[in-house]
Amino acid sequence: MKTVRPHKSRTVGLSPGTLKENKNPENNSVVTVMSYNATSLEERTISSLDELHKYKSADAVSWINIDGTEDSESLKKIGEIFNLHPLLLEDISTAEQRPKMDEFDEQLFTILNMLSFNSEKNCITVEQVGIVLGSNYVLSFQEAGGDVFDPNRNRIRNNKGKHRKYSADYLFYTLIDTIVDNYFIILEKIGERLEDIEDSLISEPTNDILNDLYKIKRELILLRKSIWPLREVLMKFEREEYELITDSTQTYFKDVYDHTVQIIDTLESFRDLSGGMLDLYMSSISNRMNAVMKVLTVISTIFIPLSFLAGIYGMNFDYIPELKWKYGYFGFLASCLTILIAMLFYFRKKKWL
Amino acid sequence: MKTVRPHKSRTVGLSPGTLKENKNPENNSVVTVMSYNATSLEERTISSLDELHKYKSADAVSWINIDGTEDSESLKKIGEIFNLHPLLLEDISTAEQRPKMDEFDEQLFTILNMLSFNSEKNCITVEQVGIVLGSNYVLSFQEAGGDVFDPNRNRIRNNKGKHRKYSADYLFYTLIDTIVDNYFIILEKIGERLEDIEDSLISEPTNDILNDLYKIKRELILLRKSIWPLREVLMKFEREEYELITDSTQTYFKDVYDHTVQIIDTLESFRDLSGGMLDLYMSSISNRMNAVMKVLTVISTIFIPLSFLAGIYGMNFDYIPELKWKYGYFGFLASCLTILIAMLFYFRKKKWL
Amino acid sequence: MKTVRPHKSRTVGLSPGTLKENKNPENNSVVTVMSYNATSLEERTISSLDELHKYKSADAVSWINIDGTEDSESLKKIGEIFNLHPLLLEDISTAEQRPKMDEFDEQLFTILNMLSFNSEKNCITVEQVGIVLGSNYVLSFQEAGGDVFDPNRNRIRNNKGKHRKYSADYLFYTLIDTIVDNYFIILEKIGERLEDIEDSLISEPTNDILNDLYKIKRELILLRKSIWPLREVLMKFEREEYELITDSTQTYFKDVYDHTVQIIDTLESFRDLSGGMLDLYMSSISNRMNAVMKVLTVISTIFIPLSFLAGIYGMNFDYIPELKWKYGYFGFLASCLTILIAMLFYFRKKKWL
Amino acid sequence: MKTVRPHKSRTVGLSPGTLKENKNPENNSVVTVMSYNATSLEERTISSLDELHKYKSADAVSWINIDGTEDSESLKKIGEIFNLHPLLLEDISTAEQRPKMDEFDEQLFTILNMLSFNSEKNCITVEQVGIVLGSNYVLSFQEAGGDVFDPNRNRIRNNKGKHRKYSADYLFYTLIDTIVDNYFIILEKIGERLEDIEDSLISEPTNDILNDLYKIKRELILLRKSIWPLREVLMKFEREEYELITDSTQTYFKDVYDHTVQIIDTLESFRDLSGGMLDLYMSSISNRMNAVMKVLTVISTIFIPLSFLAGIYGMNFDYIPELKWKYGYFGFLASCLTILIAMLFYFRKKKWL
Amino acid sequence: MKTVRPHKSRTVGLSPGTLKENKNPENNSVVTVMSYNATSLEERTISSLDELHKYKSADAVSWINIDGTEDSESLKKIGEIFNLHPLLLEDISTAEQRPKMDEFDEQLFTILNMLSFNSEKNCITVEQVGIVLGSNYVLSFQEAGGDVFDPNRNRIRNNKGKHRKYSADYLFYTLIDTIVDNYFIILEKIGERLEDIEDSLISEPTNDILNDLYKIKRELILLRKSIWPLREVLMKFEREEYELITDSTQTYFKDVYDHTVQIIDTLESFRDLSGGMLDLYMSSISNRMNAVMKVLTVISTIFIPLSFLAGIYGMNFDYIPELKWKYGYFGFLASCLTILIAMLFYFRKKKWL
């Protein structure tokens, strides 16, 4: 998870709209197509990009998914086929863009962050997803590839949901909806961890709590950096009218927009909660320090003066009258006991015991 | 009270507008109807949902209350009878929605959080309530059921208030008003607890204060998450014009909107107050630590050097001239007393005593 | 001063627009009238509310002041005479409303908080004041009664100011202006106390400072809760046009609006100042703790090892060669002195002395 | 510098638009006039206020400066001559107004705070300046008088700048510009002091830093209270059109508005910086406390157990076998050394040494 | 890096639009010209400013770069040639302006801060850059000169990018884009340092972390002071229409505007992160202090009472019965051991060990 270091691959010094060269042939893009309408469904992996031409003007809705965005040759080629703006291609190939939405002559383009919880490494992974909506096709560019859109594929295959009846803009919406839904899973994980921390805070605070809270704070910062611009993007879809988006789909965009607002609300309350836990932890540390100090002080205050007294009668002066007294020793013990009891009363009055 | 874990039952991966299946027959909904006009009142529990058809076009105002929102079959059926949008039904059946308001062709729909103080478990319970306003009916969906709307029922039964004279939109308003009024009760409880904490802070700060303050903070976060979107919802009712809401009812919506603003003001001042109490507590801890340290330091600083002196004359060197002096012992005691008094003066000057 | 507990007397469960019954006959309202124009002035206390009818259509400006708002019978009666809306009456009789302004068909209505400093109890008292502006009359409802409007009465009596020449809206303005002016007095008191705290912080910080700062913080929260909505109310008077308010009076509303902004500015700077004082206090505590710890450490570090040395030569081993040395004792003293001086140098180098 | 106590001289209870009586004849205003056009310049001190009449309709631009605003007689007279609104005169004579701008029929009126650094008392002094722009004259009212506008006078005298060619609105602008420029000087002083504090924080933190930081915080609060409303005033000059202000002068107002924005930016960054310094200071105190505690703990932990050991062999039991051993003493010393070395290793491992 | 002291060279007291005299002949400006169109390219250093006249009306796009802005003579001369407004020239020659954008009759003018990381001094350097866009020329004024625009020059030379085909506004855009791109480099450096601090916080917190965090905080403040107004400037370019900027270039301005928003997002998350690290550091200090205190308390609490016991039997009273007991010494040792073990149990129960 790159939470701190930004923009490793930003191309400072390059002319705007220029794609970096792909140096590693392993990074070649994998292109798959799902083309469907109410009655038929075609699914395939593309071997030559030229095959894509026909989907541009097909009678069906075509979903072209491109895994891997470092293959600048393929990007350029796809850009030519679908007439994509150079800045759009640059955005897709540049990692760690801010989520945003742009309208071009023939397309709507949006860049989003796909967050998913990697249970192996126990961390959140961020993947940039670029989605282009054309008149009858949707292009989805995944930075590293992955199976995040599998539920969408299955719904199309099983003819569930409304995919097969609706046009490309509904597909566009469901892809975004899937991305937003994943934020809820992340939030649920964080919520569970916050509850665990809360439990252990009250039962027995340990030092690990601090690191856990800091880690959660870092993840909340990461989430916030992704979700706020995402909300802006969806607000545009909800508020403004676009030629490519039908009215019936726009009500769905309102729904997914509401979800982002809810995510933000939850984020902010998590932030406040973790802040409250930190306060609680810090003051419980102070409290325990206080308890420790009181023990030290009580013990020292009682025994240091008594030790001094014992030291006096351990001195070797030739003439110390008390040493000759018959009950000197018992008198000494009695004095010590008196002092001890007086001190204990004093400390109890001061509520230190 | 689920304050931390969000969206347990969110249906990630399901197609939008799909209801989850009801697996537990115990969760079947209970549907009751109050149908009234200025002169007549009918009250009954529905056994077959088909009976609801007649209330849609009745000459009276019908309030149909559905307890239990996990019974997807019933929801679907009701949805068909009253022509409800699939997204509306999904919102009702999904727990922990953000309070919101939507306008559909024939209905106004709002989702709110009903907060109530559970005196047994000494915590706040949150229940989601969905309310649908049609031309002459109001549907209220309660997540778990309960008697929160009993005052409203009684007022209708007793022909008190303006219910029986006004149309469905007034009933719609009174349900919302009842929900908002419950926030004041919660606030009053929290206010009393804050006052208790304040009293004990000044008289004698204990460790429990921290946990109490944290608990209040958590509840304020929960309240804020509910009340801010509620305010947005009511602002819409106040500002915008809806066909289903008459002018006379809209002035009442202005009133309940003012209440939400007042709730928010009080929330924020509680927040500030509890923050101030935490500061006060933290610094009183520091103060007491300081007091403890001073006692330790005074005692140690006086007696550790004196003990050293006594240790010197307890040594067994063959030749220590002072030991032979006639008044050596008394000289020693006098020196100790002098040192003691000097130190006490010094500490008093330093304001440590 | 009720700073924490809100809405004690809110009537949850009552139908909106319903007044609570007045159970205590001692709470009966006292109604006084000042009716004046440029040439004449009539002042009297009303015994029967029916006498009020004539002031509604009189040729003079009538100021009707009602002390005590728990007498629901009188309120209802006055409401009938002056044709007041039920919600308006409910607002007047409900304590702890949020300051607000409403426009009704024949009246402008505003609810404000009258703050005054109670020098006996050394606290701020809050009284709710409702003011109704009609075409030629002003109704002022005081929760508990009091003499806050005496300056206004005197100016009318003495024919000073512009009261007697202007119409009812100017009277309406002067009442609000008097309320706002009282905030400045409160602020001045708080400012003086902040200065006192600042002085004692620099000269000699005591524990009371914390409680004083907390008390001021609580009062600032109370003030803010009153002044912000007051500002909103006055902004409406300044910005919007109302039939009942003449242009010349509106310029005066601009002036009083400016005052509320100035009050808010001062409030915020007091907030920042008291925050800064708390920081200063907390860190001065830490500093003093540090000083205490250094003394303890210096004394312990010097004398604990020396005591150990003395303890060695106080042992009773049969064979300890040093004890037989002629100058053993003086050698011991010299060693102690050397250690002492070395330690002092060390501590001075470390800036602990 | 009155940073805390607000509105000493606010006249609560007086009718709006009333001037307080001038009780002290020493406070009489001093009125000076500069009247100039492109070719001529007249400079004089006015002995009788009636002389001002001619400047109202003169062919030249007249700058009338009034030093001292407690002389209500003179203010009234000037008000009559130049036809000033009573509220305007009340604002001028009332100290500690919020900076603001008002438009009257014949004049533009602005109240600003003139801040200057008093190097003798090492503090910031605030003086209220009221400026009235008429068709061909500018009236400037200085609370206490002073030489802040001397640069403006000199530029007019020397015919430098564009004063003599432009009309009264340009003079009006330059007076405001001079006031704003003085904020930069204050900021520079504060910036220098912040740098000094930063240097001493890193080299050797002392207790004075706290007081210095608090003093700067107080001054920043004072500055903010003046500059934010000043910005509002200048925004109005920049954005709105006034008859009395020509287009060419308005571009200059845009410039001075930019300066206030820059001042606010710098203020906020100073605020953040001093906050960061406080954090740094507080944690460096904690660090030093930690260091002190470690020394105490290391010494105590080593020597207190050793002293106990020595105490054992200093006991006078009849039968302690070790005391008879030949090498008992040396064995004891060896044991002590072993314990000492073991402890040192332990502490080094714990990074306490 | 001047992070704290503002406006060293602001000319308080000078008439607006006046340039300060250049006292140091070493500060003479160096003027270079690149004049190009699709087919030709001319590059030269200007010796006499009169040569600039021809570029004003040339058929090519001319980029005139002026290094050094203290040479008021040259600035004046250039101002005359290109008809620049006096305020524009004053802005260019005044250091530490707030980034801003102004529209003049024939030109667009913007002042920006060029930030670059000086790896030698390990700090951020700020240089003010003023850029003027005319119909077919761009003037760039660099405060100190430097090679920041070299990538732009090379792209023009190599005929890469779109420079040579587009008009002056595209050149204008690329210069701004270069400046914004440099912010990303700074952010990357800061991000790396934050990661380093995070690593060392978790492994082993040292005192240097505080200074590092403070230094980063200072740099973030500096960055924020530059980037927020820069965002405002670019928002204007994006939102408003200017005659001098073509539609195709405006889409590029939208892109660079998006970059500034992304920079601000990253800045804010860095701020939050460093705040979280400070919290983590502070509480880990408290934790370690706690650990130290526990060791001290455990040791003292065990051995101080034991030492007192040993002291008792080291007293020289004539009659202490225990001393005569046969197994007195061993009984003493056994008691000590018992006490020790009991205490250890107690401390373990209290989780101090």
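Think of it as A, B, C, D and E in the order they're written, each chain with its own count starting at 1.
The rule is simple: a residue touches a chain if its C-beta (ideal position, glycine included) is under 8 Å from a C-beta of that chain, and two chains touch if they have at least 3 such contacts.
Here the structure is a predicted model, which means the values were calculated and not measured.
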**Report entry** Least step count from chain A to chain D, where 1 means the two chains touch
**Finding:** 2
Query - Magnitude of the superposing rotation for chain A and chain E (Cα, nearest 5°) - result: 70
Query - Euclidean distance of C-alpha centroids - chain A vs chain C, Å - result: 42
Report task. Please report how many Å separate the Cα centroid of chain B from that of chain C, as a whole number. Result -> 26
Requested in this report: Note the residues in chain D that touch 2 or more other chains, in rising order.
Outcome: 286, 289, 293, 296, 300, 304, 307, 311, 314-316, 320
**Report entry** Cyclic chain order when read starting with chain A and heading to chain B
**Finding:** A, B, C, D, E
Query raised in the report: What does chain E use to touch chain A in their complex?
Result: 151, 155, 160-162, 174, 177, 181-182, 184-185, 187-188, 191-192, 194-195, 198, 202, 251-252, 254-255, 258, 261-262, 265-266, 269, 272-273, 276-277, 279-280, 283-284, 286-287, 289-290, 293-294, 296-297, 300-301, 304-305, 307-308, 311-312, 314-321, 351-352
Query raised in the report: For chain D, which residues count as touching chain C in their complex?
Result: 3-8, 10, 12-13, 15-18, 87, 97-98, 100, 102, 204, 207, 210-211, 214, 217-218, 221-222, 224-225, 228-229, 278, 281-282, 285-286, 288-289, 292-293, 295-296, 299-300, 303-304, 306-307, 310-311, 313-316, 320, 322-326, 328-329, 332-333
